[in-house]
Structures are given as structure tokens and as C-alpha cells.
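Quick heads-up: structures coming right below.
Here come two complexes built around subunit A, the first alongside subunit B, the second alongside subunit C.
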Partner chain A sequence: MSGTDPTLIYRQEAAELLEQLEQALLDLEHAPGDADLINTAFRALHTIKGSGAMFGFDAVAAFTHHVETAFDRVRKGEVAASTSLIAVTLAAKDHIRRQIEQPDSASEAEGAAILDGLQAALVAQSDSTPVPAAAVTWRLRFRLPLDAVAMGTNPLLLLDELRALGPCIVVADTSAIPPIEGLDPTACHVGWEVTLTTGQPRSAIEQVFLFVLDDMQLDLEQVAGHASEPRPAAVAAAVASVRAEPSSARTTGSIRVPAERLDDLMDQVGELVIAQSRLKQIAGASRDIQVKAISEDIERLALELRDTTMGARLVPIGQLFGRFRRLVHDLSRELGKEVALVLSGEDTELDKTLIERLADPMIHLIRNAVDHGVELPGQRETAGKPRQGRIALAASHLGHEVLITISDDGAGLDRARIQQRAEEQGLLVPGAKPTDSELFQLIMQPGFSTASEVTSVSGRGVGMDVVRRAIDSLRGNIDIASQPGQGSQITLRLPLTLAIIDGLLVRVGDGRYVIPLSAIEECVELSANEDGRSRGHSFLNIRGSLVPFIRLREAFDTRTQPDPFQKVVIVSSGEQRVGLVVDQVIGDHQTVIKSLSKLHADVAAFSGATILGDGTVALILEVAHLVEQGKQHDDTRQAAE
Partner chain B sequence: MSKTILSVDDSASVLQMVKLTLTGGGYSVVQATNGADGLARARGGGIDMVLTDLNMPVMNGLTMIRELRKLPQCTGLPIIFLTTESAANMKQEAKAAGATGWITKPFQQDQLLAVVRKVLGA
Partner chain C sequence: MTNMTSVNDRSLVVLILELQGESFAIETRHVHEILDPVPITAVPGADHAVDGLINVRGRVVPLADLRLIFGMPPEDEGRDARIVVIEVEIDGDATTIGIRADKVNEVTELAASSLESTPRIGLRWEPEFITCIGKRNGTFVAVLDMGRIFSRLVNRTQGITPASTSCAA
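Right after this comes the complex of A and B.
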């Protein structure tokens, strides 16, 4: 690592500035008059030019100079940030990035063409300067009538409508909620304070509250000053108190640490936790009270250190979401569609590695949504929908998992077509009646595609199976829902981190194995009676439903004497359940995952290994694979019936 | 999965127009021709929203809305009524009876869909 190379710092800084520039440009499309955004774009260009000249990137400086000049005119109000100007500036931004990252591949002719386009965009304006409605910041305080929710008004939908008008900061006022004993759960005690920046007139905001306007309290005032003052002090204070840490997706002021160093740190912390658990075992056996006390201290510290280290690896998903704005912008242009991208939950944090590996599958899903989901504006109008389609990306935490939803309001999946294709490809018995969820899972089978023609954007033979494989490798799963004419939602469910799992430690013969706790439904005993009865067919009756089971002793060819009382761990993957028969259930085990060596990479039954407190190795079972095996048993049974 | 809307009106042409518009927007529609009929339908459950006329034989819309609001399963159920510009006082009365919102007749198809989306979400 050449940390002393001064141009490296410039490159990193420029990459960050270019990101800011792109963000500002894309935001400008929706709020063309926003002085703050124009300034951000100008400053980014200015710094790229200035530092570029300083670090010897002369070509970058020369090129950026022209773009900066153009934006200086926008800043002075001489020209407007028109759509064509924004588009050509985005192209210029890409060119600058190439100039910095791969100077050889950035041709001068291309740069000259972009500059011509820039001139054209500026000249076109002097003929007909559009006067965009300047975005204005409003402050709304509203409180619905107490019975509003009971009477059918959904406040969340009202907030969604406000968000559709422009960027919003929403703060809930919960001060009026009575103590629990006096609380009527159907009454709406919450008030809201919203700071909204929009180019729409006052009436558009009032229109949102149309049905409740007469009965509600609504303070609507234009915030003094112009759009560049985003939040009044009261809101800012409230926001600060709601969010303990003000880390938003856009804050970049922090210490730069190479990712490898974090990986090393995580690895060392993992080893520390293992060493600590060995110490704990020894201390447990010791009578020395001081050793025990130290062991407990170290346990606490090690676990805290582990959590902190994990925390350092977490980054807000907003970084990833931000990249998609450009993708959607470009794609919808290319396809002649009008698509708005709505983001929420950008502050949701997850492991850096996860975010990197999520990029590709998500790009694929978003492409699908733009290409196959959202219809052409004309078709949408005929269907009675707004011309502009909507793709929403949302992220949220659910326990130790992260949910990411990609939804569109397009045509939805074509059930009949998928069924037909599935039957043609032999994935489905003709005449079968699968549920929506079962049917939609089929589109993630290798080679499955319903697109009748290959468009330039997606459908090049790589389908949802690639997405599924990527998500599987992140130990996540995919759920697809779709309503004809209303759109589809794809939900990705992912673990917070790849480095640690909560597992159940079991013993089979002499070997010890870890089963990820998230996949476990329950543990039951395999009675001698049932054991004997099930010799021929391996099924267990769990409260009336037949669950296939796999004897891990047989699967792993264990030759020791089996324990008299075998246990069954019921695991699930998707909607399928399988029982795993083990000799002994040892207990909970928090596991730092070590990946298997390349030699063992093909072993599908194990996803990794871990080192136990006493220094021995336990393999981590790959539940999805075992469940798949069990399902094959189940299918043979159903075929036999 | 699609949301079900109960459409109550004594005019067959309005019922038909509403049904065409809403099914086109991806909703399911069940119909009733008067308040008593509508109330019986709503008692059966499975309704996500009610769209009703006010002037109807047997049981008028206002009475139906009041009765609906007494049912526990109709707490929070969006109820939209059809009204005309001239009957401005009806708005207040229907809201007091428990209605969520209104649509002014005559209306265009997209206006109807916009109101339904407003109270049901996209």
C-alpha cells in the first residue's frame, strides 16, 4: 500500500467530490432553482479543477475549467440548470472520472464533444430561458382529529403524499400521547412537524389534507429566507434529539481507514473472542476467584470490542442507494420511460462487504424494474396510472437482519406467462396450481426468462438466478410479491454482517457442527419408537405435518456408537422444512466464521468453519443445501403417493 | 392480493363506471345497490374501502355510514361518498357520520382513481 503517494489523496478526494457533484446534479433535476445544490455542484467542480492543477492533473484541470465556467453562469443566474445542461454535465463528470482513474482511456475527442454539447446547452437557453418554479421551504405543523384514524384516514399515506411533493424532514410530536392506562389505541395522538422543500404552490400542500382540512390543526408557513436554509433550529434540535448520532448518508467528514485494516481488525477480534472463551473454560474449572473475575472482565471487554469493531464496519446503505439514482436516470432515458426513484431508510447500516456485494444483484433488480416493470408513459396513461412510474428502494432493520425492498408500480409479474414458461422448461408439472410465492420463486431458476425479446438493457440471458445466487452467498433470501397492474415488490432479507453468526452447536459422532440459529425452528427428540418406524421412509410427524429428515450420522458416514436418544433439529429455508438428526444438542454458540480453504470450496454441505473454545474445529452447516436434499426426499414421497 | 372496494349505488350506470375504473386500476370491486345491502356485504368482512352514494332507497348512505362505524371490523376503514357541488352541507353531515372523504360528481375516471389511491395508498 503506497500511503505516501500524494496523488492518491487527490484521487480519493476527487472521487468523493464527483459523487457529490452527481448527487447535486440529480437533485437539481427535481429542484432546478435550488441555490444550495447549484453551489454544491460549483464548489465540487472548482475544487477538482484547483487541486487537479496542483497535483499535476493538467488535463483534468483544463477540462473541468469549462464545466466550472458554465456552472458559474448558472450560479449567477445568467442561465438555468436545464435538463439538457444537467445531462451534459453528468457526461462531463464521467469524463473527469475517467481522466483521473484511467487517463489513457479518456480520449480528447470525447472531451471536446462533451464541451460542444455544453456550449449547445448554454446557447439553446439564450433563445428560450425556461423559468422554473423556485423551490420554497415550508414548515407544516399538523395534528389530525383524534378519531381520524378510526374514520379511515391513514396519516402515513398523508406523509407519503407530502414526500412526493419534495424532500421532507418529518418529526413526530409524541408529547400528547397519554399514559398507557388512558390510551385509546384507535385515537391519533401524534402530531407532525414537517419541513418540506418543493416547487409546488401552497394549494398543492393543502390538497394533501383535503379530506381532513376542516377538522384538523394545520400551521403552514413559508420558512424565512430561501430554499438554502433546510431546517429551522427547532426542527434541527428535535431531529438531533431523535437521532442520537447525526450520521446521515451524506456526512463524509470522518477518518479514512483502508478497508483491509478493518478486515484485519475484525479477524484479530475474532481470534480474541476465541482465546477469551478458552480462558473462560479454564477459569470455570479453576477455584481461584481472581482468575474468574479477570475472565469475566475480559469476556465483557472482548464482546464490547467485537461489537465496536463490527460497528466500525457498518456503513449507511445510502451510499449504495445513491449510485442507483444515476442508473435509473440513464435507464429510463434510454428506454423512453419516466421513472421516479424514491429512497427511504438510507441511514440503515450494514456491513461494508455486504454493501459491496449487494451492488450487482441490486443493479440487476432495478434494471428489471425499469425495463420490465414500469410501462411506457402512454401505456400507463391508458391503464389509468400517472405517466411517471415509481421505483422505491427501502431499507430497514428487523432484529439481526436487514430488509431491503425494491418495489415498482408497474405492470407486475405475468402469472400466466411464468407458469407457461415453467411448464415448457419442465420446472412445473402441467396443470399444477402453485401459490404466487412458489411460482415466483421459479423465475430465479437458472436460464429462466419470460422476456420475449432481448432488450439492450436487461434480458441478456442472465436472469434472476444470478441474483439469487448472489443473495444466497450473502446468507440472505429473496421474496417476490406481485399484483397484476399494480407492480411488484422484491424483498431481500440479509444478515447484518457476514463475519459472525449465532449458531446452535451440535454433536454428531465425534464431530461438532454449528447450525445457524436463524434457520432453526425447533428441536425435538426422536423417540425410539419413531426411529424404528421410520427406517424405510425418513419422515417425522410434527404436529400433523410430515417433515422429511436427514440422519447426519449417515450423511457424514459416522461410525461411532449412536447416542440412545437422538435429537432432531428442525431447520427451514424458504418455505421448506427439514429435520436434521444429531446425537446431542450442545447449546448456543456465537461463531466467528472462517471460510474453508479453496480445496474445500466445492463442499456444498458446509458454509465455513469455526474454532471452538477448546481449540477444536467445528464445521458450519449450509442449511439451504441440506433443505434442498430433504426436499428431494419429500418430492419422491409425494410422487409415490 | 389486490385490495377490495365495496361500491354502493342505486344507479346501475354509476356502478358499472366505478367498477370499470377501479378494476382497471388493479382493485377488486364488490357491489351493492342500497345501504342495507352494502351494510350486509361489509359485515361479511374482506373489504378494504367503501365507496358509496348518499341518496339511495331502503337505507340511505348516511345511515349506512353510521351503522358501518358501529361495527368493530370497520374501525379505520376508509369510507368515501359521492356528492354534488350543490349539496355542500351534506359534506359536513357525512363526515360527522364517519366518512373519510368524498368525490364530487360528476367525476373523471382518473379523479376517482386519484381519490382511491389517496386513501388506500398506491
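Right after this comes the complex of A and C.
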């Protein structure tokens, strides 16, 4: 891998920086004076320009230079980050991305137009902006509490923030460091003396220490009206050593790994888990104590390695959520709506493949929420709601699943219209009284759309079925709830990982099958009484409620003699339950999921296959499909009653 | 896929296998390995010609029975039975497939001069499954168009008929 293309790295890095830039800009809209955000935006632009020039992206560097200059003025407080400036900068960001990703499609005229817009945005406010305060030099001495680092404060970041205010000279005060015998290496013994020249007021400097102000010592005094920088040689040397630190301190935290390597690693761990379970089987049959001991060691290591690898693939969902802020921002403008996007649980971690594959369905759901959910400001006021609508994205872990909720406080789903439409399409018997949940599931049928007029955003009749297919392919499911006038909530339930699941191994005839443990509610024995009933209508009484059951022996056309005591594994999908009758429950099984080839794409009963300890292949049951079959039994029964 | 000129200009390196006493050739560029019989997992509900799965070095691979595709009676395999693991492109995706063979004979080269395009009539097998006919030890052997056979199978399970891509246009 020594021949890694450096421009590829630049592209990756730039993509992340552009993302940061966009986040900062969108946040700035709500907090126009926030120095942190302005600095983040400036730094992102600065790095894009600098590395761009280094890697031969000259057009990018030239264009970004102008944007950076504009933001430098914002940073110095000469102009404010106005809405128009932010809008132009967002456009500029898109242009930079095009320049990097598809240099051919990024026209210069377009770039020039954006730069003109940028100038206009700057000029428009130069009259109204207050003259920036004259630069003043401050001397500040500060000393953090001894446990500051342990409490999560990084002094280097504080110094960085001070530097962002203006040119400064930092000298470390090491006088309080105790002799080595008494030195606690985790304590913060160093103090700092900083000479800072800035146009910002005193409060801006104090702001830097906002979170540590209570416990620290801070002396802040004004030295001179204008900057005459004192720079004795000794100080300069000290500065150099202090400055060198932050960059190295920050890079040791993480390294960049190509995503394919993580995929390969996961595949290899999967193979290892399979090989290990074979070894375990052989060791179990062996009398050799040493073989048994080694097998146990390898089992422990394989499981730890599996967990670590799965952990390395996890990314916070905030990365994904962040992308939607721009979407909501742009959409609400386009549609003349006012929408606030509220995010929670952004640090919930998911497998990276899952995150990538969630992007499209979620975009769809958010578009729906903005377009069909949230009403126009006028309509909202009439309905007695605040003008600004609210779309909330939330993520959380629930056992071995991740729940993602997309909720809005809009008009909610129109029950009557959905029912009418479903009857027109023959999805419902006229006059049927489905529950909310059942009715709302219907909107995910192919070709179902209630939007009477087609907007550019959604309502083309291809919506929710695409979402459902995408979520199905991730082995997840969708619940929809809605209250008229109050809004709707769409909940996606997803497995934590796509690669390895816990499963229950069962036997049907000669075949062994895996049922995902997350779908299983309980296992019961099929009593001789229930076993003897007619085969067409098979129901089981589980604590008073009737659960349809499917004899897998019949479904799989098994010819061998059935076991005398049949077992029922009760599985659920959404709110539906179904019992699966099997010959034997063998036990739990770490299941490395292998997908089936195209030759088996038509076999809906199985979601994939796995390799068992003895090297044979076992099929993984597709619970959603079986539950659907059970539901059809149930419907026939209800129709018959 | 293969066009006429490339078939007739170059000799083909093929693997010769037997199905019900009949010899067939598969181009070796498709062949990954040849396995002794392994335990087979049945896939209930799948097309009978591909209703098995096998474990090939930790990968789950579908097992196909060409005899059923060619309408031969399925009979118990003898002790010479093998599984030929091949890779073909199905709708643009490389797919690994195991093929049951009653016997695997040899890898041989069919000289360019011996290759003939598939006759339209007089064949027991569907002509579209055969790339061309070669001569080996004085007898004819059909070179199978594996990509086509399996694309057809995939489309059959999905109810689509692919466009014809015969080797001799």
C-alpha cells in the first residue's frame, strides 16, 4: 500500500473539512457571533486552501483563498456572519466540493458568480458594522487546578483558543513543578503566561476559560493600548517549544484506516470465528487436556477480537445526522417552511456499513417530514402551533438493536385518505377496520402515495416502499405512529451489525437452521393436543392470545420421521408473532452471516447462510417473511370467524 | 460474451467432465478448483437445479446440477463424483458456483482448428448453452457457456428471458 495516491488522501481530508465547514456555517446561523464556530470555519477553509495548493489543486486553492479572506474579516470582527454571507459561503462550499470531486463540471463562471455574491454580502454590511475595536495587548497568567487534565480539560486547546483571538506569545511557568519524587505525572503543575494582542473585549478572553473559571487562577491585565510586541529571545525559544506540542499531542489519538481494510478485517474475523468453532468441536471430542486448553484460549481470543473489530467499525450516528441539517435547511427554504432540526443521541454508535446504507432511506423520510409533515407557517398559526415546525432525529441503543426515530410535529398522517387510497388500490377490503399500525404499514406498499400533487421534493408515488426495501435489506424494520394534528413518528429498528449475529440453532428433519436471537420471544413445547389439530389452521394459545404457527417440516417439505416432541419457537416482527415448529432446539450459535448468491434471490424464507462448527452450511431464517406467512393464516382465521 | 473470431482464432484450454457418461468442456478460465464430495445443505424452495449449498473454504457457495438443467435423469453419483468450483459473471457480478460432475477427466487444449460453431439442429442439448463444439480424441465435445447457463437460471427464477448471445452469429 506504499503507492497510496496522495490526492486521494487530500480528497478524503477535504471532504471531512467541508463537512466541518458546513456544520459550523449552519450553527453560525443560530449563533452569529460565536468565535469558536467562526474559527472552525476559518481553519477548515485555511487547510483546504493550503493542502489544495500542496497537492496540485490550484483552482481549489485560488477559489478558497477568496472565501478564506472573507472569513478572516469575520474572524477579526470586521464584518458579521450575516445570513446572506452564510448562504453565499454554503454555495461556495458546494463549489469547492465540485472542484475537488469533479473538476470538469465546476465552471469558472459559477465560481466567479459566487465570489461576486461574497463581495456583495461583505459590502452590504460594511457600513453597518461597527468599527473594530483597536487592538489591545493583554497579559494573562493562569494556572489550572491540579486535577484539570483528569477532569477532561486540555490546556493546549485553551491556548489554541487564545491564539485564535489574536497573535500571542505563550510562556510556560514551570516553577511549581515538584521534584521528581513528588511528581504526580497526571497532575497539571504547569502554569502559563500569555501576552495577547487582540481587538476582542475582555469578556472574550474570559470566555475561553468559561468551563474552568471556577477552580483556576487567572490574572488578566491590560498592558498597552497598541501592540508593541515584546519578544525577548528567551521568550521566543520557549514559545517555539510550547507551540510544537499541540500538533503532536493531537495526532496520536487516532489514525486513518481505509474502510476496505476494516471490511477485510471483519471478514477474516468471521472466518476465524468459524474455524474456532470447528476447533472447539474437535477439542470437545478429544481427551487431550492441552488441546482443550488451547481451544479455550483461542475461543476467548476470537471472541475478544470479534468484539474489538466490531468496535473499530462503529461510528457515531452524528456523522449521518449532521448531513441532514443542510438538507432540512435547503428544503425548508425551497418550500417556504420554517423548520428546526433537533438531534439527540448523536453519539449512538453503529456499524459503518449500516450508517452508509441508512443515508438514502433517511433522506427520504426527512424529505417526507418536511414536505408532507410540517405545515406552512400560516397554517401552523391557524392551528395554534408555533410558526416554526420541528423535526427531531433521535438514536438510541435497545439491547442488540438500534432505534432511530424521525418525528415531526406536523399534521400527522391522514387516516381517512390512506384508508380510501388503500381500498382503491385493493390493499384493503372496503369497510375493514385496521388498527393504526396496520393501516400505516400499507403506505409502504409499492406504488402507494397519497400526495395529490407532485412536488419536486417527494410525492412521486415511489417513496416508502423504497425505504422499506432498504431497511429490510439491513434486517431492520419500520414502525409508524401518527396523531392527527400532532405529527408522526417513524421508528427504524436496526441490528447493531450486519456481519455477525447471535442465533438459535434448530433442527428440522435433517436440516439445521439459524433463527436470529433478537427476533425470538420464547420457546415452548407443542402439546400433543395442539399437535393433533388440523393442519390448515394451526394456532397456539400463548397465555390467552392466539398465535398462528407454521410447521417448518411442511414448509420445507421434510420427508424424515418427525421427532415425537415438537418444539415451537415464538418469533416476532413488529407487533406480529408467529410460532415456528421445529424438531429440536440445539442451542445458541455465533452466526457469521454469509449472503446468498443471485441464484437464490427468489428464496424468500432465508436471509442468508452461515457455516457451523462441523463445516456444514446452515440457512438463516428470514423472520419477517415467516411472520408475514403466519399473519396470512391469522387473516384467514379472522375472515372465517 | 465470447464472440466468433476469438473462438475460432485461438485454441481453448478446457476442463473435461462427465455427466451421465457424456463429456462436456468448461473453459479453465472459469474453473477455481475441484473438490471431493462435501456435505450438502438443501435449500427448501429453491430451483431444483440449484437447491444445495456447500462450504468452500469458509464461503457459502450454491451447488448446481447441470444434469437437471440439461434434462438428464438425476442418478446417484458414483465414487468418481467431484464438485467443480467455477466463477462466472451473472448480470455483471462475479459469482462462485459449485457444479456436480460424475467424473472429472482432464485439462486439455482444444486446437483452434477443431473448434466449430454450434449447429442449430441435431444437438441433444439446447444450443444456446453451448459456446462451440471442439474435437477431442476423435469425438465431439460441447464447450459449455457457463455465464449464459446461470444467467438463464437466475432469470428463470425471476421470470425473465435474456436476449440471445449466441457465439456463432
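In the analysis below, the second predicted complex is superposed on the first by the 504 of 641 C-alpha atoms of A that agree within 3 Å, B and C clash if a C-alpha of one lies under 4 Å from a C-alpha of the other, contacts with A are read in each partner's own complex, and residues count from 1 in each chain.
What we mean here is this: a contact is a pair of C-beta atoms (placed from the backbone, for glycine too) under 8 Å apart; a residue touches a chain by one contact, two chains touch by 3 or more.
In this text the structure is predicted, and so the values were computed from the model without any measurement.
Enquirer: Taking the superposition on A as described, I'd like to know which of subunit B and subunit C A:Phe565 touches: first, second, both or neither.
Expert: A:Phe565 sits against neither subunit B nor subunit C.
Enquirer: Looking at the overlay, does A:Thr186 come into contact with subunit B only (first), subunit C only (second), both, or neither?
Expert: In the superposition, A:Thr186 touches subunit B alone.
Enquirer: Touching A:Asp436 in the superposition: subunit B (first), subunit C (second), both, neither?
Expert: In the superposed model, A:Asp436 contacts subunit B only, not subunit C.
Enquirer: On the A-aligned overlay, A:Ala605 touches which partner chain: subunit B = first, subunit C = second, or both, or neither?
Expert: A:Ala605: touches subunit C, not subunit B.
Enquirer: A:Asp557 contacts which: subunit B (first), subunit C (second), both, neither?
Expert: A:Asp557: touches subunit C, not subunit B.
Enquirer: Residues of subunit A that sit at the subunit B interface in one complex and at the subunit C interface in the other, please.
Expert: Touching subunit B in the first complex and subunit C in the second, no residue of subunit A appears in both lists.
Enquirer: For subunit A, which residues count as touching subunit C in their complex?
Expert: 270-271, 274-275, 510-511, 555-557, 594, 596-606, 609-611, 615-619
Enquirer: Enumerate the contact residues on subunit A facing subunit B in the complex.
Expert: 149-154, 156-157, 160-161, 186, 210-211, 214-215, 383-385, 390, 409, 436, 481, 483-487
Enquirer: Going by the contact rule set out above, which residues of subunit B touch subunit A in the complex?
Expert: Per the stated touch rule, the residues are 1-2, 21, 24-26, 49, 69, 75-79, 92, 95, 98-102, 109-110, 113, 118-122.
Enquirer: Per the contact definition, I'd like the list of subunit C residues that touch subunit A in the complex.
Expert: By the definition above, subunit C touches subunit A via 38-39, 41-47, 50, 53-55, 58-62, 64, 90-91, 93, 95-97, 150, 153-154, 157-158.
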